[in-house]
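What follows is a set of structures for review.
Shared between the two complexes below is chain A, which has chain B as its partner in the first and chain C in the second.
Presenting the complex of A and B:
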């Protein structure tokens, strides 16, 4: 390869006229946001597969399944930092994955700017609510909330 | 349906229907997550409030709904792996239809044992 072959073929024969075109296909300041959201969907998807299948197996298949789930069951699980971390990761990744998916659906089907912004406003509000409330619940959980609790951890 | 010169604009078959099912199952799971975080938040209100709502989950009608929810999770997870294969595996796009049927088989293999176990618990307790 000699230095004389440095023509930018990717620019194409109309590179100069395209510059004058009124169609601007170059994004304006959005950076690589859509690329990273695409990468995030795939990476979080794989992690969620492990986190959610594990969650479903432990809560619905082991022991008494759905009939074993009550306040004491939650108290048992969240006495362990392992399950607190598991549930927090699952909560954040699932909510952001779902947020991004619903954002795509809104972009695909809304035609009016106003409708799009209202729906996205609701989406952002609900995602913040779910992540903040969920995280607080996991880490401020008190197994002895009820003073007359009979759980063994609450024995004095 | 919109028509193109050589058939319908939407091509149908495995590619399109898996895309439709992925959207619907994803939206359903997102809505459930909202409800699920709120119901779990009741553990901060009182043990009784939480236990009462959990009783509703043990009702047979809701139990069938839970099986549907797990079906949505399994399909969305396996079809998500298919999407990753189509994106990153050189031969993924060529075999996307075969991958769809692999998803279908994987779905039955995972969902059947779950449905038997879960519905047995729901209906015989």
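Presenting the complex of A and C:
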């Protein structure tokens, strides 16, 4: 019986002491980042509801509806600073909202710090790519890109 | 005792006792996760059969196994009446106290699985190392913090003020909530519901003056913001504490202290 009571539980490979194992509490991550990310998630969610449903309504319901969407329709929309801003906001908020969600999932599911950093690196790179490219397209968009364009704005 | 021996001819065991008020008995199979750190590299299942009464708890079945069948089975229990919080374990996939779970309530027709609580290092069989859990608990400073001179008499508090944190005073630190939390399972760095519940107990206590410090601690990157409101903790709590609500109240207190 004394054998059981004096069991050295450090002996087994699975039974490492909590002080040495990955269960040891190491975190000292202070600061308000997680608070702001939590607030951003809610605020951007509400804003996105308005932006996305507004976008869908204008594109699919007003005027000719879905049949009216073509190159000229997009070109017309992006000639107005209002729609440029709208679309850019939608792009940024959706991308950051999604970025933050996936960041949370990575934090929740990866076990090793290395995997965590690799996945987050990929995530940051993809988010930056989408946001930079998208913003560039919205603001440098040229409706007369095609020399044979028949759009009225391109009439010389 | 004398009543049973003189009463009927058959009724030694409960099985054939048609006697009024007799407690029915049945055979139940328990599938228990066993792990001996001296010989095993990983846990394995072992099956035991015990005869139980409808009034028996899972803990009684474990006692029967340990005392009559296999003395090497290890598990923690102290008071055996749902107060000390020693015997939290995963019974049929759900965290419960073995001493508060009646066998008849966990479907004795099928084998009942009993495992150690998840997310903490297993020491032997159903015993886990609770140190990481208590580390998180200690970090939130679960004691009264005050400034200035001590009053000569007791610190007065209105009933309404006392009621504000009544729910979170019920915690018995059994770890059923923290070890039911999927965020805690991952790497054990999250403070966990139990630590937050015990911080809540002091944050919302009008006599305490360390609330701001505790909120700052729980604002950590592994603090309340990692809660995904899956409600596993609320389901698991053997004391019926509204754990998820307490965590949300701490979040709200953090937000209102900023805005």
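Just so we're on the same page, the second predicted complex is superposed on the first by the 121 of 156 C-alpha atoms of A that agree within 3 Å, B and C clash if a C-alpha of one lies under 4 Å from a C-alpha of the other, contacts with A are read in each partner's own complex, and residues count from 1 in each chain.
Definition applied: a residue touches a chain if its C-beta (ideal position, glycine included) is under 8 Å from a C-beta of that chain, and two chains touch if they have at least 3 such contacts.
Just so it is clear, the structure is predicted and the values come from calculations on it, not from any experiment.
Trainee: What is the contact status of A:56 with respect to chain B (first) and chain C (second): first, second, both, or neither?
Mentor: Touch partner of A:56: chain B, not chain C.
Trainee: I'd like to know which partner A:37 touches here: chain B for first, chain C for second, both or neither.
Mentor: second
Trainee: Do chain B and chain C land on any of the same chain A residues, and which?
Mentor: Touching chain B in the first complex and chain C in the second, no residue of chain A appears in both lists.
Trainee: For a test of understanding, state which residues of chain A touch chain C in their complex under the given definition.
Mentor: Listed in rising order, the residues of chain A that touch chain C are 4, 7-19, 21-35, 37-39, 107-111.
Trainee: Please give the residue numbers of chain C that touch chain A in the complex, ascending.
Mentor: My answer: residues 35-43, 72, 74, 120-124, 129, 131-132, 135-136, 139, 182-183, 186-189, 216, 219-223, 225-226, 228, 251, 254-255, 258.
Trainee: Please name which positions on chain A make contact with chain B in the complex.
Mentor: On the chain A side, the touching residues are 42, 45-46, 48-49, 52-53, 56, 60-61, 64-67, 69-71, 74, 91, 94-95, 98-99, 101-102, 105, 126, 130, 133-134, 136-137, 140-142, 145-146, 149.
Trainee: Under the touch definition given earlier, write down the residues of chain B that touch chain A in their complex.
Mentor: Its residues touching chain A are 23, 26-27, 29-30, 33-34, 37-38, 40-41, 43-44, 46-48, 50-51, 54, 57-58, 63, 66, 70, 73, 77, 80-81, 83-84, 87-88, 114, 117-118, 121-122, 125.
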